[in-house]
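Given below, in the form of structure tokens, are the structures.
You will see chain A twice below: alongside chain B first, and alongside chain C after that.
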Partner chain A sequence: MSRLHPFTLLAIAGSLPALAWILPAPAGGAWAAAVALVLTLTPGARPGFTSVFRTAVLTAAPFWLFLLLLHDVPTTVAIGLRITTMVASFVWLVATLEPARLVEAMVAAGWSASIAYLLAATLSAVPVLKARARRIVEAQRCRGLSPRGGIAARLRALRALALPLVLSALHEVDERALALETRGLVPGIRRTPLAPPPDPALEQATRWALLLGCLAALVWRFVLPRLT
Partner chain B sequence: MKSLTLDRASFWYPATASPALRDLSLEVAQGEVVALVGALGAGASTLLLVAADLAPRVTGGRLTGAVTRRDRSGIVLPTPWTQLSGMAFTVWDEVAFGPANLGWPPHEIARQVDRALEQLELVSLASRDPATLSGGELQRVIIAAILAMDPGLVLFDEPAAELDAEGARTLWRLIRLLAREGKAVLLATSALDALADVADRIVWLEDGAVRAVGTPDLLADVALCDAGLGTSVATVWRAGGLPQPYPLTVAHALQRWR
Partner chain C sequence: MSIRLLALIPVAAAISLALSAAVDAVALPLFLDTTGTILATALAGPGVGIATGVVTSAVNTLRNPTFWPFVVVQIIVALYAWVAARAGLFRSFRTAVPAGLGLGVIASVTSTPISYLVFGCTTTGGIALTTALGKALGLPPLGACFFGSFVSDFGDKAVTFALVTSVLHALPRRTAARFPWALRAIGAA
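Up next is the complex of A and B:
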């Protein structure tokens, strides 16, 4: 899957949630969620991304809980499946799409390198933050703070993790801006694509099919009923 | 031909009352290696950021005075890991990131990247993932990445901090080579012993201002040694209570003994 053109991965990850919300609930949502969850089980995740399926399920689970508190069961199922599709698609996309390939693909397609980098940096933020959080937890452990124990102890540990994580992430933004300027990534540049990913005709056709499928679903669901 | 000219430049970081650079005037010519020495906080790194047109443009703050750059500059920051693009699978791609941003044609990018990798003795690492490199290797990759952009003015901030002795020797030779190619080099370093052979001029910074400018002999000057900025030989000579003038290098010390 990771060898697919980045635009194809984006199209799949975008069209599944769109179809989940457009198609009638709960069947549409169930179908889209099933496809998205199956995608999280396919091989090809980037290094460092393990248990993509589990991550997707664990991220979606709290939404089900909140929905159940707020709505009846049919509504919970309808919205929950749609949210699960969104979460699973996003988790799968982050785990599968190489930011560097996205930049190359976007630059080759004529996009601004700065915008491409901004999008790609969003995708790389998850592993970067995970690694930093791990380092901060290790550092806090060295200073005697245990992330285990009762709720109070865990809350203390969470505060000791969250504050440095947020502050260091903000500091990193400054550092990255400076560093990228030194590497020539300034607004308005025309970057030379080094190794643009191949974009076979079949994949281009698939992307168009996904787009047209979403449009057709929209028309079938919302336009046709008004005409008849 | 002057590559960089600062005329009475002062710089304030955002939300600070006192300037990091004060009324600083300096010229760096093509083919010249100028080394900045000074205590921590003397302003060497800030001066490099100003010379690279990163301060105040990116860092924020306020600059007064005139800064004239004749050539495109490239700066090697002291922490190489922050300068990684994060968008490369291999060392070759990492080094090519900058040249690609300059919009050069692919054959020119390949030529510059291969040349920089050779200069930094990185050819054997070309296909390695940058995330798996040691600190010293990473520092060499970043230096290669900056040189591959073919800057006319090369700015180094503690470039040998992560290098082993052999790596540092390669770097100092490379800096002399860059000067012979006509590039202007401005260098901030605490590796004072290397400067006798590397630098054409020494600029001593103190509290953001130029305290003294001279040939590398300045590093054996009494005032610099008193400030802890002399070469090892000069410092040992002084600590031994031996007479002035202090020798700059081991060779100078041997001449004095004989």
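Up next is the complex of A and C:
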């Protein structure tokens, strides 16, 4: 599955939740959820993403609990199946879609290199900043900062933890801008991808079929009943 | 858009997502997931703020798919922060905190229909429990859902505005002057 073109993976992961919401409940949601859960069982997950099915089920389970707390059983089943479809589709997508391949595919398709940069740079910056946040927490604790006490004390502690993190991140902006300029990433410039993922005609046709399928379901569900 | 503003967007989005580590350390019921959006808007205007909000939602969706429908809230937050920055409301806590409380109301009004229609008010455990409390208090389903969103958003946005105000005032003037809106947001220009 991970060898599929990134746009095909996105189209599958996007159309399943859309169909779950459009088609009548609970049958529509049940079908979509079943397909999404079967996808999580297919091989081809990226290294480090094991037991995709279990992750999807564990992520969706709390929603069912909260839905039961707030709604009757038919509503719980209807909304729960839709949420399960959404969760399973995206968990599968994250497990199979390589961010670097997505960036290559976007550049190959003529998207601005800036948009591809925004996605890739954020994905790489989050773990770096999270690790820095943990180091700041440990350093401030060594200096005697207590994250306990009343709300006012905790808010003061939060400021002492968040401020160094945000300021240090902002100071990096100039360095990043310089690096981007050096690499010629100026808006409006078309770049050539090094290894664009193959995009066979069959996959392109599948993406169109999924899009048209969603549109047809929308018309069948919401437009036709008003006309008849 | 200049290269510096382009470089600001992923940094601001990553700030929103990384602050959860600081929030976890102090065990407060806060999200702070709009900090980067508000900060980017206050520094560089609505275009950069909206782009930061959309990127934040897109990357957050890869971690938890329930975030994507709330991308609208990020856009509303960016527009509100722009108005606040134009009015210089980040000049002190005295002006920033009420502005943040106002945003809390607007954010909960915006997120309630999404939470109600898409998730049946179960976006997070906290919201589901406060919604259940609202139902127990006799509120209608949509009212209970608003109550749940309001309880989680009201304080969160006030703290976020206060934090952004702290950051803007702690930035050296020379650094702040490199961003088009920073000095105006704190009432220094």
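In the analysis below, the second predicted complex is superposed on the first by the 156 of 228 C-alpha atoms of A that agree within 3 Å, B and C clash if a C-alpha of one lies under 4 Å from a C-alpha of the other, contacts with A are read in each partner's own complex, and residues count from 1 in each chain.
As a convention for this text, a contact is a pair of C-beta atoms (placed from the backbone, for glycine too) under 8 Å apart; a residue touches a chain by one contact, two chains touch by 3 or more.
Quantities reported herein were computed from a predicted structural model and do not represent experimental measurements.
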{"item": "Touched partner set for A:Y117, first chain B, second chain C, both or neither", "value": "both"}
{"item": "Which superposed partner A:M1 touches (first chain B, second chain C, both, neither)", "value": "neither"}
{"item": "Partner chain in contact with A:L194 - chain B first, chain C second, else both or neither", "value": "first"}
{"item": "Most chain A residues touched (candidates chain B, chain C)", "value": "C"}
{"item": "Touched partner set for A:T182, first chain B, second chain C, both or neither", "value": "first"}
{"item": "Partner chain in contact with A:L165 - chain B first, chain C second, else both or neither", "value": "second"}
{"item": "Which superposed partner A:L218 touches (first chain B, second chain C, both, neither)", "value": "neither"}
{"item": "Touched partner set for A:V103, first chain B, second chain C, both or neither", "value": "first"}
{"item": "Shared contact residues on chain A - chain B and chain C", "value": "117, 121, 128, 174, 176-177, 180-181, 185-186"}
{"item": "For the chain C and chain A complex, residues of the former touching the latter", "value": "1-4, 6-11, 13-15, 17-23, 25-28, 30, 32, 35, 39, 51, 55-56, 58-59, 61-66, 118-122, 125, 128-129, 131-132, 135, 159, 163, 166-167, 170-171, 175, 178"}
{"item": "Chain A residues touching chain C - in the complex, by the definition given at the top", "value": "17, 21, 59, 62-63, 66-67, 69-71, 75-76, 79, 82-83, 86-87, 89-91, 93-94, 114, 117-119, 121-123, 125-126, 128-130, 132-134, 136-137, 147, 151, 154-155, 157-159, 161-163, 165-167, 169-174, 176-177, 180-181, 185-187"}
{"item": "Residues of chain B touching chain A in the complex", "value": "52, 54, 58-59, 74-75, 77, 82-89, 93, 96-106, 109, 145-146, 149"}
{"item": "Chain B-facing residues of chain A, complex", "value": "98-100, 103, 113, 117, 120-121, 124, 128, 174-186, 189-195"}
